[in-house]
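Scrolling down, you'll hit the structures one after another.
Each of the next two complexes has chain A plus one more chain, namely chain B in the first and chain C in the second.
Showing the complex of A and B:
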């Protein structure tokens, strides 16, 4: 790790000013320090957000949805029985996220803003497209973990967060704060549309700090579940994950969401797939039709074709689970 | 508006609470808690193995929570409580979890052991009577290349039973 100056901010405004001036924001550090040790990031200044009050913890106000502070440790959400009553998908998603040590240190904001796990990206010796180069080495290389859909010409990374698909399935928004003010965007829009050929994974503007996640009342009324396929039973990023959520009325799925992780550079949603099941009772056939629509544009690389049937079956199982619950 | 002065990149003064002892340190901001403990404090219990937050050999407790010391900055722990395996024994008596690891042969080479023990200590404080599954989840971030896992689980469950017997 290269030397840097360190400062502990006491307010979001102060932290934002420092980020504008070139500091990297530090929360739990479980991703940033790895990037710095690997030589992928080498900020000259770190601004520690840990001393800022009011960003740790969650609250539920009837009629006003759920708010989660960005500095809340992942483990606090995973272990809260109260939160599991409001939004059980969060515990399901976090139980298999990383390890307890990393969930103790890692935060909600950091999880949503973590960088991708592509081994070419994570190798400092390789100047891949995302790091300013001209080529994606995964395209013709070792690509069993890479994207099968939604890839731009330049990059075949996948969005690694477990929490993101789960929260997007419940229509979560995030608050982004800078010295210029505060804006609220759909969590789904925090991830850069690959079609834009941007070399940024997230859509944060200069100096913006993610301060809060909100789940609207309508999102809380959906029943959701999260399934994750891993190479081993623990401590593994998703090969494929799926978050589904819907209101169940008279045995029918209403206003459904299906969000895939591990298959595309962003949490992957296709509205036509959701429209296909909206208003219908669950059946294996219905789920298969939705999954086919969701993956209609899949174009696997040489070694990751397995992700297509895996994703389709996870979608079927997840929809069956919320329909039966 | 109060301004906070940046410190570093040279060594800065920071005080940690290590095993209940106020411990002043003079370390550069890019020093991990693991390196600070091993190189500056002289505590070698937490092991430096992968140094990238994947093996668990450096597991210790910060404010009671198990974390990887290699993925924690020493300066970020100012004023916080750090507990390492060296702080477990009391008056020459090993901690019940340490005793249980010996009694149940819960290690071979011993390199992962301090981290395994700290993970189990944190678990038993929060969950005094864990199931085997809860133990496995608690130590799943601690790799053991010797494969002592079954005995580690046995040791943790035995330490939990013993903990309940004590007044």
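Showing the complex of A and C:
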């Protein structure tokens, strides 16, 4: 690990000023320190956000939706019964996230901004496309965990976060603050459109601090659920995960969202798939049609074809679950 | 094989099956348990001697290359760097059949190229990147099946595929022609990494020409021997210590290159040097269980297995030996016609190291899968088919009798416990719609009879407590506790009054803690030493108490005669520091008798065919390993073996990138050992009949038996539940889904 300096910011504005080229914000450090030890990230300075007031905790105001501070430890969301009443999908997603130790230290903002787990990307000796090289080593290589869709060119990584699909399914937004001001974007737009072939995973700009996640009132009215397939029962990133959410009226699914993790470089949504089920009562057949549309463009690599049937099955189960609840 | 043994004294009569023992055979809390859970137990990693320097190793980034030149000048210029070793400045130091630790041709990504010693680990690490190495990159191959392919680069003059062992009995070809049913399958197992929690490492320090090495090892005497060969020192000048140890699973059988690096630097610089591997190094350069490709054909006729042919290829990396997977095929079942042929395949990957039942885990998976396939083909219950070949009391390979074999008892106990009668062809319905449930079983054969030489001494203190000294080591299995039990039992004192001194080459010799050797090798010597001490005590007591020697015995820390109890301390009261020193040595094994362990595992699984998820719900493990000295530590041994096997069966797999030769799963996040949530209910049972022919304690080893049949039992259960057989471990969701897609 390269030597670095450490500073503690006391306000968002100060943090934003400090995060210049060569600096990185530090939340729980569970991803960032791993990247540094592995030689993938080597910031000269860490700007600890942990001392900033007002970024920790969540609140719910009638009519104003739900707000979650970016520095809230994952475990606090997972264990809050009150939050589980407003947005049960968060607990479902977090229960299978990483391990309890990591959820104790890891934060909401850090989880959404974590880097991908591609084993070529995480090996400092491999100069892959995402790290400025010319090729994706997974494409012809060991790609059983890689993307089946949305890769276009460049990079076959998959979006790693469990929280992201869950929150996107409820139309979450994030607030990004820098010395230039504050903007609010859809969480889905925090992830770089793979078609742009950007060598960044997130659309966060230098100096921007993620301060808050908001779930709008309309999002809270959806019933959601999260399913995750893993290679062991815990401490494992998703092979495939799915978040679904919809309002259920008169037995019909309304305004649905289906978001996949583990299959594409970003949390994966296809509007046509959602439109297919919007306004219809659940049936296995309907779910299958939606899943087919969701994965219509899937182009698996040599070793990850299994993700297609797996994703389709998880979509079917998740929809069945919210319809039955 | 002729065994030459130096015998000292006479053996004791074995404890009979009905002998009344008060300590042996009862659950005993680990004598070192408190030290471990309170963090006081010292491991090699904890050894920090004053002034210690830290060594790190530069490893090859290429799977195969020639080291043409090493320029260490920039590294040496870094403040805090105390020395650099590489192939052009390091004295010849023999290591595992090679002349030097830094080869001219490096043969895998992670092979040792140079080493740095510095004031801190961080400086040493930083210095590594300042060493400039000129490599001539050579063609390589890392994949087992590609290495077999004649079109791949030849990485050794003798070729990539080397014959290892061929065995035949009967006439396999004739029986295949005459059979009713023949099944044939190609089985694959993946490279398993040991992942000992304590990584490999050593700390070396010289005092004049006396070398002391602290090493995390399964064999302090093996390390001493390795140091003698490498450094040409008299044995009296070498002391090796290993107090507590965080696992080895076979991979810590002798010195490593890190040991020699530490010793050389320590001598050159005149300071203690610590060289321990990190997790990544552990998983690229500290050994593994070979990936295998195995072809098994099995023939049946008239309801019996008539012939088995088993051919195997193992990816050994660069190793000079192979963990032959065909052992179980030769010896497990009484089948008249067997052909076994093992090959060693060289690749540019880290070499194998012994890994808990090397070869047997892989081979049992292939053999026991094939037996199930044959049973299916013949339309008989797979357990019933095995029973027909499991009762023989004669070893089919040597044609000699076993000392004791209760494999059929294991079947009876296990079948009852798992509810084998529920098993149905094609599996059972699962706990929810769509889920499938299956039952499977497999048997195990292993040695475990122990071996001489092993020596122990027992010092009886004047207060009636005792110190046992023996040069074994406790690799985490409970060796200390078992020694204390046997000593206390024989001596007639309380277990808490026994201190066990092990892990030191200044103690009398004991063999490697591997291959299920330990208990059966050392406890008979400990018992004899304790017996010697007890007899001397009785001589003294007879004189002091003026009672005939024959009327005295030791019980509960006291000398007892006709109702009178004299505490041992009292006997010695007027004798000042008179010390009784008992000696014992391990007697040779009986001639013309085969000592083996047997067992059977039964597994119940639930499989989700739509997601490929396999959940092992229950494993019943039944073993026939002679007397159980401590049921508590025995149970934990079995649980550990089952869990390690479940990893091999379901989730553990070293993945190597073919073009770069890099291990992609060198961390604990990507290399998936089971977590506590993955562990099913494990029911542990023992036949628990002492093997009185084997040795005076009647115990055999239990290190390897519990890992051998578990993966095979799970694979058979999955095949039973799914109706589709997957011949490639681990059974990840991907393999299950791919196999189901291929089958439909």
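Convention: the second predicted complex is superposed on the first by the 323 of 325 C-alpha atoms of A that agree within 3 Å, B and C clash if a C-alpha of one lies under 4 Å from a C-alpha of the other, contacts with A are read in each partner's own complex, and residues count from 1 in each chain.
Following the convention adopted for this analysis, a contact is a pair of C-beta atoms (placed from the backbone, for glycine too) under 8 Å apart; a residue touches a chain by one contact, two chains touch by 3 or more.
Every value quoted in this text rests on a predicted model; they were computed, and no experiment measured them.
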item	value
First, second, both or neither for A:310, with chain B first and chain C second	second
Which of chain B and chain C A:235 touches, first, second, both or neither	both
Which superposed partner A:50 touches (first chain B, second chain C, both, neither)	first
Which partner, chain B or chain C, touches more chain A residues	B
Touching partner for A:42 - first (chain B), second (chain C), both, neither	neither
Contacts of A:119 with chain B and chain C, given as first, second, both or neither	second
First (chain B), second (chain C), both or neither touched by A:75	first
Which of chain B and chain C A:26 touches, first, second, both or neither	first
Shared chain A surface residues [contacts with chain B and with chain C]	1, 234-235
Interface residues, chain A side, partner chain B - complex	1-10, 14, 26, 29-30, 33-34, 36-38, 44-46, 48, 50, 73, 75, 98-102, 104-105, 234-235
Interfacial residue positions of chain C with respect to chain A in the complex	61, 122, 610-613, 650-651, 655-660, 662, 664-665, 669-670, 672, 674-675, 677-678, 732-734, 737-738, 741
Residue ranges of chain B touching chain A (in the complex, touch as defined)	1-10, 12, 28-30, 32, 51-54, 56, 59, 65-68, 71-73, 75-76, 119, 137-138, 140-141
Residues of chain A touching chain C in the complex	1, 117, 119-120, 123, 125-126, 137, 141-142, 144, 229, 231-236, 239, 303-306, 309-310, 313-314
